[in-house]
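Chain IDs A, B, C, D, E and F follow the sequence of writing; residue 1 opens each chain.
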């Protein structure tokens, strides 16, 4: 590989579609420069959530950022959303090029 | 004889209860709801074009008060009789103080099928009654001194999909008038009933999914889901008569009062009162009140309207 | 002159073969198939409302036997002549013993364009013939002593999307009757042909994708895809005449017999007989039999029906 | 009086500018664009069936030259006055040398509402003018000696969604003729205006999103987005008069000339000239030229056409 | 991070849409409490599968669970589905909060 | 686990929908035997990309392959696309069965 590659954290949040805008707004305020969102359906502690019907639709939000940032976001999610919303969040390590982007 | 669009609803209900694999594409459901809102708004706007707007203002004030009153009453009932906690009572009450577009569309169709005239401002009532209950619900849950993000909330409610579509299409109908609308009536008026039928098929499927919650939460929800619209109907009836509406217009106002929101309010409450359980309020509004209004309510409300407002027609 | 809806099919076929970027949204395809099933069911149910239901029962028995017979014959041919293994022969045979809603819709349209009357129970035949071949196919592949999950399967077949929509809309048509249906005819009857045209455009695109498989699997598939519907047509013709149907009704029964499933059966077989290659059976049913019936079959079957059942009209 | 379909566009624009949550499902937008292209093509093909095709060939040659000329002029302006770099100038110029289906559809609707006749080959012009500008744009950006993947590009342009749908439906309209099309006119002709209204609502929402770019890139883009269509209109007017078209036909050719692509060209340029910034060209073509043509252009172009080509009618 | 974070396995299965319900049912019977499903298209040994047409649609199923559970699920997939269905399955490690949820 | 499991690389590319066919074609020419694509929306350096409108739609392409292959693909992306397209690419390690498939 010719470009410098580095390790970053990939935070994935699966949660209620109703939260999408709120979370993106929160993330931006915490220094996140980009993110990717896709639609999903699922089931978990808060029951079956299948995308056909607004109230029960899920989204999957992914953010690549520095490790400290991912941890801060996880912490924020836990404080404000874990108790009241259908939500699952997890972190992985990924290799990226152009590390200054994230 | 039961209307054919209601048969589609029952079909969806049965198919869902029998766990059929029937599922309509999400985009179709969304398209139909956009279509119904536009059609209702255009028709309302077209009607408004023929009358003075100023005398409407006191009417709008009255229906806003009507929505607020319903929310407060529902809240008291849910707290006192249902022993709901504050958040759930406030959230559910907001559903009942607001309105259901689908129920209104079925009522419009019911009147049209029977050639019963009504005031065009009913569509304005629909738009106006969607919002106040949301605000009242939030205040009930949070109090007014808390740091709610009112700006965000105002945006969500006033620029939500439903209100935008209703107000925008009313403006179009009003500006274009009957002649201007003529070219698009082939789509927005003549396809209305067929679109409503398809929409209600999907509503039946959705409603059937909320029966599970009902089984868990026992009789109170069922009782509330029937008693509350009846109570609201009486308030609506009184208001409609006081406003001097025709029997058709009174029927629509009663339907609005008796109907409970299942789109705009749940979405707003999810963000503003997150600790409320959305399954609870939706089971009542979608699982009980919506079918009750479709199957029993609308004909009943019309009979009441004719009985009490018949002379003013 | 070729029907305009068939021109849309040919257009799709050509666009697909030329590798055009043309692609219809998946939700549109799904919506159109829901729409066509509802329209067919409503029309069938409306017709049934005008006649006694009891005399239909023996007819239903006959068409079920017809489907079973076709499946067995197809299985023997595929095993003996095509040298298919057991799983592939059983799976493909089930496709041919069942029916294709799209082919039926084109035939309905063909008759309607020519103002040829037919019995309304044809829509019931459509619903009834979809399933038995699936069960026969599974027994052919597995034997009956194996631990197939019959409960699961019964659910999939009887409560599958197609059957649910057909039976539900037939019930609605039957309950509502001609007057009750009047308000939604603007959507379900008058838009039928346009919707069918769009649907066949997508079918053309889909069919063209199966030509690749055909090139690989040589001539036998092509031969079978043409011979089998012709054979089935003769069985259907005999049955139709024996049941005393009108030429239009015989035509529809022949079309049902000659058509091969490409939705319900592949889905069921994928789960019940997973070792069968779905590309093979779809290449035959979609790639050969479907276009053959559209372009050559339907007019031919009608000519046969008139020739042999003309007097009974 | 402003057409009702344009009111829908303004509604979308306002809703977008006010940051309403209104959003139409992507599948609906795609479906409507397929529908409009098919309807335009069918109507064009139906008209062509009534006339000799050979005399059209020189007309097609002229409109191709028209598109090429516009692209070259736009390129010079963007380089000299706008100080655009080569890639951005070439890409933006290609947008303006090509055409906008939505603008054409609104113009068709405008003429139909006023019962103004026009030549059916206008739909052929639409199909033919979509492509040449793309090729010219690429040559302007790359020169002709570079190793562009012409095969890939030819495929993208000639077998792109829009051109496939237009040519295919024109062929169907031509083959089926007025009688053959009769059964599907209920869908493709009578729903045209309603579908256009919905489509323009979405276009309004989309256009509003491009205003941001405009604010950044200052006055030149706005000026170019208005001046270029006016310049193109004059070229189109001259061509239309030279071809001896009726005032209605001249209007449509002027609209085609003045309109700028926002689907086919951006997609092709993104792959062929990746260093060009798509936000820039779309802000001009969608954010300025499209609304300008809708609100001011079409009536103006028709007045010009009547003034200069009125006698030849 | 204030909450206990732990490592879990993320099993991703990309397969024919026709299998969705069957697999979810299998998984539930094997102690899986939640999962996320989204639509996908793809190509592989069993040809091109693009979502437009039912028979050729793909889904992507994700399950977060303990390592042993992920291995048991993989094993089950291999025994019952790998031979006859278009299917790809892979496992990653992820950091989760609320580990008792999975 | 009864079957041999092995480590492979999972390359994920999030980029403009307009690039989908081009990239799949490039990848095939570089020995990639399969891939999975899904629709996504997102925001990044090149602005907001929400799926409703063709020009601004994103896709998410995933390829499982050997490590060298993933690195070669990353390198190719960087050379040809990073400068001119909205694009994010990252690599993770995953455990797969049937390793000869990838």
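Here is the rule we use: contacts are C-beta pairs under 8 Å (C-beta built on N, C-alpha and C of every residue); 3 or more make two chains touch, one makes a residue touch a chain.
Chain labels with UniProt names: A, E, F = Transcriptional regulator; B, C, D = Sodium-dependent bicarbonate transport family permease.
A quick note: this is a predicted structure, and the numbers were derived from the prediction, not measured.
Among the remaining chains, those touching subunit B as well as subunit E (Transcriptional regulator) are A, C. Common neighbours of subunit A (Transcriptional regulator) and subunit F (Transcriptional regulator) (chains touching each): E.
Chain centres were defined as the mean of their Cα atoms; on that basis the chain farthest from subunit C turns out to be A.
Look at the CA centroids: the one farthest from the centroid of subunit E (Transcriptional regulator) belongs to D.
Here subunit B and subunit C face each other with different sets of residues for the most part; under half of the interface numbers are shared between them. To fit its Cα atoms onto subunit D, subunit C must turn through 120 degrees, a value rounded to the nearest 5. Separation between the centroids of subunit B and subunit D, computed from CA atoms only, is 41 Å. Mean C-alpha position of subunit A (Transcriptional regulator) lies 46 Å from that of subunit C. For the pair subunit D and subunit F (Transcriptional regulator), the distance between C-alpha centroids works out to 35 Å.
Residue positions 23-27, 191 of subunit C each touch two or more of the other chains.
Across the assembly, subunit A (Transcriptional regulator) contributes 38, 92 as residues in contact with two or more other chains.
Interfaces, counted as pairs of touching chains, are A-B, A-E, A-F, B-C, B-D, C-D, C-E, D-F, E-F. Note for the complex: subunit A (Transcriptional regulator) touches subunit E (Transcriptional regulator) at residues 12, 14, 38-45, 58, 60, 71, 74-75, 78, 82, 88-92.
Contacts from subunit C toward subunit D in the complex involve residues 1-5, 7-8, 11, 14-15, 18-28, 109, 113, 190-191, 193-195, 197-198. Contacts from subunit D toward subunit C in the complex involve residues 25-27, 30-31, 34-35, 38, 155-156, 159-161, 164-165, 168-169, 171-172, 175-176, 180-181, 183-184, 186-188, 191.
Here subunit A (Transcriptional regulator) touches subunit B in the complex through residues 16, 18-19, 22, 47, 51-55, 81, 83-85, going by the rule given at the top. Note for the complex: subunit C touches subunit E (Transcriptional regulator) at residues 23-24, 26, 29, 206, 209, 263, 266-267, 270-271, 274-275, 278-279, 282.
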